[in-house]
Amino acid sequence: MGLKTAAEYRQSLRDGRVVYLNGGQVEDVTAHPALRVGVDTAAFDYEMAEMPEYRDLAVVTDEKTGEPISRYYYTPKNSGDLLKRHELMVTGTRANQGIVPFTKDIGADSMNAVSMTAQMMGKKEYVERAENFRAYLQKNDLSMAGAMTDVKGNRVLRPSDPRQAHPDYYVRIVDRNRDGIVVRGAKVHITAAAYFNELLIMPCRNMSEADADYAVSFAIPANTKGVVQICHPFHYQIGADNFPVDIPVRNHTDSMIIFDDVLVPWDRVFLAGEWEFAMPLVYNFATLHRHTGCSYHIPILEILVGMAQAIAEYNGIDRVSHIREQITDLAIQLQTLKSLSKASCLDYEIYGGIPIPNRTVTNIAKYNYANSWHNCTKLIQDIAGGLLITAPTYRDWQNPKTRGYIEKYLGGKAGISTEDRLRMFQIIRHALSAESEVVAIHAEGSLAAQRMMILVEAMGDIQECKQWAIGLAGSKKAAADT
Amino acid sequence: MGLKTAAEYRQSLRDGRVVYLNGGQVEDVTAHPALRVGVDTAAFDYEMAEMPEYRDLAVVTDEKTGEPISRYYYTPKNSGDLLKRHELMVTGTRANQGIVPFTKDIGADSMNAVSMTAQMMGKKEYVERAENFRAYLQKNDLSMAGAMTDVKGNRVLRPSDPRQAHPDYYVRIVDRNRDGIVVRGAKVHITAAAYFNELLIMPCRNMSEADADYAVSFAIPANTKGVVQICHPFHYQIGADNFPVDIPVRNHTDSMIIFDDVLVPWDRVFLAGEWEFAMPLVYNFATLHRHTGCSYHIPILEILVGMAQAIAEYNGIDRVSHIREQITDLAIQLQTLKSLSKASCLDYEIYGGIPIPNRTVTNIAKYNYANSWHNCTKLIQDIAGGLLITAPTYRDWQNPKTRGYIEKYLGGKAGISTEDRLRMFQIIRHALSAESEVVAIHAEGSLAAQRMMILVEAMGDIQECKQWAIGLAGSKKAAADT
Amino acid sequence: MGLKTAAEYRQSLRDGRVVYLNGGQVEDVTAHPALRVGVDTAAFDYEMAEMPEYRDLAVVTDEKTGEPISRYYYTPKNSGDLLKRHELMVTGTRANQGIVPFTKDIGADSMNAVSMTAQMMGKKEYVERAENFRAYLQKNDLSMAGAMTDVKGNRVLRPSDPRQAHPDYYVRIVDRNRDGIVVRGAKVHITAAAYFNELLIMPCRNMSEADADYAVSFAIPANTKGVVQICHPFHYQIGADNFPVDIPVRNHTDSMIIFDDVLVPWDRVFLAGEWEFAMPLVYNFATLHRHTGCSYHIPILEILVGMAQAIAEYNGIDRVSHIREQITDLAIQLQTLKSLSKASCLDYEIYGGIPIPNRTVTNIAKYNYANSWHNCTKLIQDIAGGLLITAPTYRDWQNPKTRGYIEKYLGGKAGISTEDRLRMFQIIRHALSAESEVVAIHAEGSLAAQRMMILVEAMGDIQECKQWAIGLAGSKKAAADT
Amino acid sequence: MGLKTAAEYRQSLRDGRVVYLNGGQVEDVTAHPALRVGVDTAAFDYEMAEMPEYRDLAVVTDEKTGEPISRYYYTPKNSGDLLKRHELMVTGTRANQGIVPFTKDIGADSMNAVSMTAQMMGKKEYVERAENFRAYLQKNDLSMAGAMTDVKGNRVLRPSDPRQAHPDYYVRIVDRNRDGIVVRGAKVHITAAAYFNELLIMPCRNMSEADADYAVSFAIPANTKGVVQICHPFHYQIGADNFPVDIPVRNHTDSMIIFDDVLVPWDRVFLAGEWEFAMPLVYNFATLHRHTGCSYHIPILEILVGMAQAIAEYNGIDRVSHIREQITDLAIQLQTLKSLSKASCLDYEIYGGIPIPNRTVTNIAKYNYANSWHNCTKLIQDIAGGLLITAPTYRDWQNPKTRGYIEKYLGGKAGISTEDRLRMFQIIRHALSAESEVVAIHAEGSLAAQRMMILVEAMGDIQECKQWAIGLAGSKKAAADT
């Protein structure tokens, strides 16, 4: 046992899991032309552990066993551990062509959230199950997805509201027996679940007593009976319209995961009816997950900044005043994300027994990034110009009758080859897709979710400020009463 | 002669023109599986003239000949004419599934700009050529593209700047002879040129004396020797991933047009060396073209507003306060565009002898629309939710093993069918593409171009305001001196 | 009877009204050093009617009586009447040094709102009372304030909510008898009421049946027994720190008006318990009032634009690129307000029997203005520079020991006198006060009130757009059902 | 010698300095009714050093002399020192009722900038002079102003440009002799200079060789012959309109400082003609100064946040959704400023031999604060409501005839006294002045200055991002060549 190799990881995925894509069933996710791109993208996490330049970042020694384990499954002890994990994600994403491996990061966020919630509940069996499951993940170096978002039906109604079209819009316990619980429902947007070993399921909202059966959290292997995944199509090849690039294609897909009356053994159950702790679990996961989001979004923004500067230079306009203003705005977004992500590790909080990134700061960092993405997109499209979408394709470049025209007329600043300029348009087109926009604002929770959490977490400071203001106003009334 | 039918229009395109797409040459644009979608989209303009409900809007009687002609080629006389033309475009775009036919509108803007510039130059032969060409367009009811944007090379250098990699980055006159002028260069982003009859070419920037050979404007048939078009790929079919829709697909492509030493006869030359009039011609066209842009963007925004409200209702969140705020923002954008577009017709200006929409107001309308597009996109994506990009496809819907799961779990508010919800996601995905974004900010000129024109046109009013402020300040100095 | 002169207007204010200011009671508002500035500002409306250049704008002939009456009290018949009234306000404000006279405009908005609501209620006695009161206003050419905003107490509680600290936070009927109703309560922010003849009171929110006693509207003379006004201090003189200016000071104050069990005779009662019509009355007034707001805000924005351009030139920076961008932004705000204000008259609606400016467009115009005010302030302060607040004062200018230093060192661009530059700083300081900011966002209702009305009024169009979108999505379900 | 007491500080100001205010000359700044408020505000810095709770923060032990010295004049060695100084400023400002003492902070920024520039020039005599002057400041515990902004004349012209109205718009050397240099010119916006011991003068822009005489930096006592200060009026008392408050009034004024041919001895000259180092000196000061700005702006924002929450609660609207959004926006601004200010200390740079806060991050922190100030103002004014400006004054509160009405009708939520609500309006009015706005955007340099520095400092990272993007695009060309 111990750390897995990339080959062992790939082998572990040939386990009979049920996965659909593009209207057909996938026999072997490591062999499917699309899904193997996701597998390769994820495998990079295992490769990092074997690369000397990343080993120290990717692997830590377990204090109890003395064994090397993935840093992701290591329980952080202090600010330094939070920063190291942050650096691991930023570095891993950069080294993986700007795509985060995702292999254990969100899984570890889920694991930590479950541990914290178990501590908060104070139930011994939950604490033990969480510890045992963490040890299992460490020992087997498993990839794991965290699954939170329910399909919801009518989004303003509670899970148990009879006005919902049916009672299964949120994952729920339909039976409990000696062996475990039986669950039904579906989760959506679960990135990379099709090629990960384990699935850790959590509720996605606050619950009332009537929703108790929906207050459920558990972990199961992806090949468990009754688990069905439907992936959505994604870009997994460069395509004949595009200039070929030596760099391997990297990308992920997401799954809709159906739980068709799945039996979950008791030792894998982390919440089952304790409805008061549904929200804390969501909350614990949200901050950790958003910090993970900040980490992997940094390299994404770096690429955007780089593309903007490159195409500005290629077009000859990098010294034009309004273009400089736009590059400045992009640089501000990038540096703000970087600084706030770090600051949240330094001003960490102890919560549920472990240090976590500062919640207000983390949510601001993520919100700020998400909220400004569309504007960043606009700036880069403005700098690039209309050729971004009207330029002829690589097919026309290969056609000897048109190649000469394209090469001559689509040049930019003297000294930059037309091919380089067209290649830059190509990756800008790729980076600034509508899909990227939706990821920016919906991954790790909606803009509204982040704003709500900012207000809740900042309220202590706000009330202190209020007391000060009341004092400055000269009010006699004891401030504490207001 | 007189008004053409759609069939005659199609026939007129089988003229030996040289068009490339996807690395191959197109034999017959009306038969090509992609380009015929563009042809159909454009043909709707001819169809409108024959439809009783649109006849009055689409056709006017020429005062001189008493013949019916397209409203586009009619020279407007007053505010009412401007409003009628605006209504024709809005109506035509709405009736054409939200896609503007483009058949004569930009062509007519070019024609009007050429006429105005001829008047401003005061050269009799230019005025006559413009009149004759307009009569020819009227009589033959021709589709025409206006071609302005040069490929530019280094965008901060003048056309004739020796630091450009070669002298052909802007279309220029390379020879003049008894028969006409010979032109070389390339224009880009020329929408629908591949299936239009005529091309009217204009310069795209101010010129200095050294740039005199680049100050050139002319019109030629699309099949003229030496004219080569390279189109870019576009969505022309629904695709197997998508739910089929009965409505015909409508869309356009753009051409890069190469002028490979093309001879233009003198009677088709509207500018040839008068460099001082390059900028006025650009300017005349820009306002007209931007007003056209405002007109056809109205239905596009209407669809966006409609999709936002529909998906909000389907998701059950249309009464949620922050969703209502977002719908309000969208409604503000739409109504502002509509009101400013109309206001610009009412506060029209006489310029170059004909009434044109108010330039300040038109540019503000177009700028405001373009500048807010990305935010509108964000709002709708936020309302729609992550399923916009992670929902399974129509292929999975057709697969009996997955259909049941999808139908059950991807429902929204009770009473809305899952299929309708998935269909709504589908058209939102289609409408909010990165391509739409680039069109929004680059079609009809960049954001910076509009801002520059706003300031120039508003400066008279600004100076009046300044004099008032100086008076209010009690300054003794004659305000006129400042 | 008939049109009043300014002298008659002043005389009419010496009527025993009870007005407090700065901790003391005001004997004669026309003689008080502060309030007479307000009187002078308002008197300009009467002066306009006697000035040949404004006569046609300010005065119309009553169709019934053949008498000349103020345009404000004339019931509009069409788009042209709405535009004329708009022009009267813009012109009157410009000619009155940028301060709206306010003498009859808001009063007339209230009168029209009362008439419309009477029509909507369909109660004959209310319709007659409204007609009679309008005839009285016309015949006596009276100044009148519209009073809407209650003091509200806890702003989220209804008027009759027992959790309010007392039941009088909204004006209410405390008794009804043969002579009329007795009212108690207070209204705030009532501009110019201290020097107007009549007060027309309206409710300020929707009501439930429990609030019936609060659903009350009436008009009374300002000197009615039990009516007490407390004004707030305002700038009514230039001050020793400031350069003297020949132009007369113009300004208004607002009143808090207390109704200390005031008897209102029945013929002056326009609503008394019909709680369903409280909201329609608010609504009717709001649009009219906001259009009035747009009208008088235009000259205010004109002055801002003028000051920005003037100080940019004085500082020598009017050609600097980021300053030009700022001037452009200001010009956009001004022109948008002007165009939307006009567009709302052209796309007018018939409501309650009379033409009113388009409600969606009017609210957008006002919202847009209010919402951008602070940014306009920022732009101008940025252009002006820090001297705006650190420059020595007129006292130092008069001191021979410091005058030389100031004159030498605080010059700007050569050719502009230091005094002119300091004077420009002075009026910018005056115009960009925090008070101006609060007026911008709270006069004519809060930003939220405008947004709410935009959504309500635009909902018809939004639903039409939705049906179109559903059709484009290919949904089979009848669109009408959603 | 050693640390001064507040009394010694006050005594040191009675030194014959020439100060004008409100058109008169000030005999003793410590006795003048306005200026003594500034003196008291500044004296708090000396008081802190004697208060046990602040001693460790305010005082450090000089390594060389073993003497206690002010932390401000201590040369920082590491991130911890930067954070301590930051904490000292935040704490001092909080404890001083939200007003920064300013006594040595900007002076120390100037001193550090001069030291760094001396190191960069590598001229031994400049390094020694800087060291000696620092030792002098430490030993005598002197208050000092940093004076940078010249009056500039035409702001787009260089100091030596003959088109300037006279050559003295920037401070310059008019003579050099055995004793020192003679300087002429004027600096503006120099906060608290009227009651500080020393003035350290620096240039304010880049210089060319022709501007060599303007490249001058030096320090002189405020009572040096030829130094004349003209202060501008400021709020130094509560006023009869306002509720009295027990807390002492705290505030500062700024000086225009004229140098009327002032002799500066050589040992106080830090730059005299080395025009290439004018810009580095500006640059060195700017970052330090902006970090100081961030520090003292934190408590200012805290008060704003506190006032917003207080008045929201008083008005009963703190649970209303759009109000919560506004409070959230304010909380985001505050926390972003706090986190970025800290992050800039942690990611410090060694520059000119000493650690300084990260320049990109510092400028972003300051820019973000300044750029959002007006919006914060708008949010609070919106929450507060129109009573902010129309409420009757304390004079009316004292008038028994009106007190009852005010007390009854201007209450808010039950349980909050009307007086407390009026007091809260009072301090909001005070905090949100137009003067605060100008300070927010102009103190520590304009918005444009910060943006320029962000771009310059971030360019290294941007270029790295560009190289990455070029690699991802698959361009063969060596990235280094672009």
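Some points to look at:
Each chain gets a letter, A, B, C and D, in the order it is written, and its residues are counted from 1.
Definition applied: a contact is a pair of C-beta atoms (placed from the backbone, for glycine too) under 8 Å apart; a residue touches a chain by one contact, two chains touch by 3 or more.
As the structure is a prediction and not an experimental result, all values here were calculated from the model.
Listed candidates were B-D, A-D or A-C; the one reproducing the B-C interface, defined as more than half of contact pairs identical by residue number, is A-D. Of all chains, the one whose CA centroid is most distant from that of subunit A is C. Note on chain placement: the centre of subunit B and the centre of subunit D lie 51 Å apart, centres being C-alpha means.
Centre-to-centre spacing of subunit A and subunit D amounts to 41 Å, using the average Cα coordinate of each chain.
Those residues of subunit C in touch with two or more other chains are numbered 322, 325.
Looking at the complex, you find that subunit D touches subunit B at residues 321-322, 325. Of all residues in subunit C, only 94, 97-98, 243-247, 302-303, 305-307, 309-310, 313, 324-325, 327-328, 331-332, 334-336, 339-340, 342-344, 346-347, 360-361, 364, 367-368, 416-417, 419-420, 423-424, 426-427, 451, 454-455, 458, 461-475, 477, 482 touch subunit B in the complex they form. Listing the residues of subunit D that touch subunit C in their complex gives 20, 22-25, 149, 151, 153-157, 163-166, 168-169, 185-186, 188-189, 228, 230-233, 241, 254, 256, 258, 260, 315-317, 319-320, 322, 373-375, 377-378, 381-382, 385-393, 395-396, 398-399, 401-402, 405-406, 408-415, 429, 432-435, 437-439, 441-443, 446-448.
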